[in-house]
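Just dropping this structure here.
We just call them A, B, C and D in the order they show up, numbering each chain from 1.
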């Protein structure tokens, strides 16, 4: 499973991209985020406030209950500010 | 008094521009148009349907009751189609 | 700024000239009107735009000033061509620039709607069955009427 | 068409390329977004636009297709830049072309409102007090929300 971080989530987690293999009980976005928080204090801080985070699963916006599985590309980022 | 005709009013009256000296009883746009109709059959035809004609007095849009006087520039034309 | 001219215009050059050096501008809206090859189902070979020299320039300047009163614009430009134009040629350009996009969009639409109903231009179309003067469209009057009382207050919402 | 690029773009060249040869087009609406020199009262030296390669292109193509379903467009173009940009530089270009102006204007506004709220870009501003990530604005969500159910029906009125 590939995790991508953008904007300030990249700086806080210290990674733009990481390959992870979460355990079987991680089945949705919420579970994945809870599990990612354990990886480092930076991850815990970056992912503390879920209201400030948006998610894409395989390049489509997704909610916290969206399923995740091996091989997925999951992106975590703040609300977008393009245009 | 200078009269200007635009679009199909120019073709029908046979003139783009004419200098006229209407009599004293011509005091407003309506009176002027009635008097201009007498100048030729082309004028009568061009000015027959007032609903199809717009008026500017000294380069400002004006109604039929707008006063006219010696020295004015009066333009008669169909509804505009710019843009 | 307003210009009434026979010559073609370059949209990019005009946007660049209008916005250059003013770094308060965040959004620029433009409209380009182009001669279509058909009208009412009939093919158009060309059209000739007649105008009222003097009044045209005065009216364009007036409406541009009005847009500047209604919306917080940093810059604006109206170019309207006259003379003979063929399908695909540009007729009119409206550019509005503001700190924020909504004011730019609204002012641009306002100016275009106004041009359709109040700018003293008349279009003569060349068709296979001969020349014909374009008639004004009632839906253009409707479009222009919607701007009564619109502007700065709404854009500031 | 959509493009995500570092390079500057030329509005006039893009309008010309998009409309060339299609004489059904009567109205072209454009929007150009430009880097402002201040934000929230503080001076901006530059901003860097980060994006999500792959998803950005996919999402831009999706929304452009959606605009084409909602409005009768003859052509459209979205260019969004990424990388470091200074005040006065162009960030984004949206062009929509239709037979009539209302569809062009509405589709252009729709796309710009959408870009602000859904295109995966993030702005990092360089200020005197250091870099800071721009926060999303609630008024942009409001602007985007107004398009629910808008489009072809309304533009055809």
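Going forward, contacts are C-beta pairs under 8 Å (C-beta built on N, C-alpha and C of every residue); 3 or more make two chains touch, one makes a residue touch a chain.
As the structure is a prediction and not an experimental result, all values here were calculated from the model.
Touching chain A and chain C at once are the following chains: D.
Across the assembly, the mean Cα position most removed from that of chain C is the one of A.
Between the Cα centres of chain A and chain B there is a gap of 74 Å.
Distance between chain B and chain D, defined via averaged C-alpha coordinates, is recorded as 48 Å. Per-chain CA centroids place chain C at a distance of 22 Å from chain D.
With centres defined as mean CA coordinates, chain C is found 27 Å away from chain B.
Annotation for chain A: no residues touch two or more other chains. Within chain C, contacts with two or more other chains are made by residues 33, 112.
The chain pairs satisfying the stated touch condition come to A-D, B-C, C-D.
Only residues 10-16, 19-38, 87-88, 99, 101-102, 104-105, 108-109, 112, 143 of chain C touch chain D when the two sit together in their complex.
Listed in rising order, the residues of chain C touching chain B in the complex are 33, 49-52, 54-55, 58-59, 80, 91-92, 112, 115-124, 133-136, 140.
Here chain A touches chain D in the complex through residues 4, 6-8, 56, 59-61, 75, 77-83, going by the rule given at the top.
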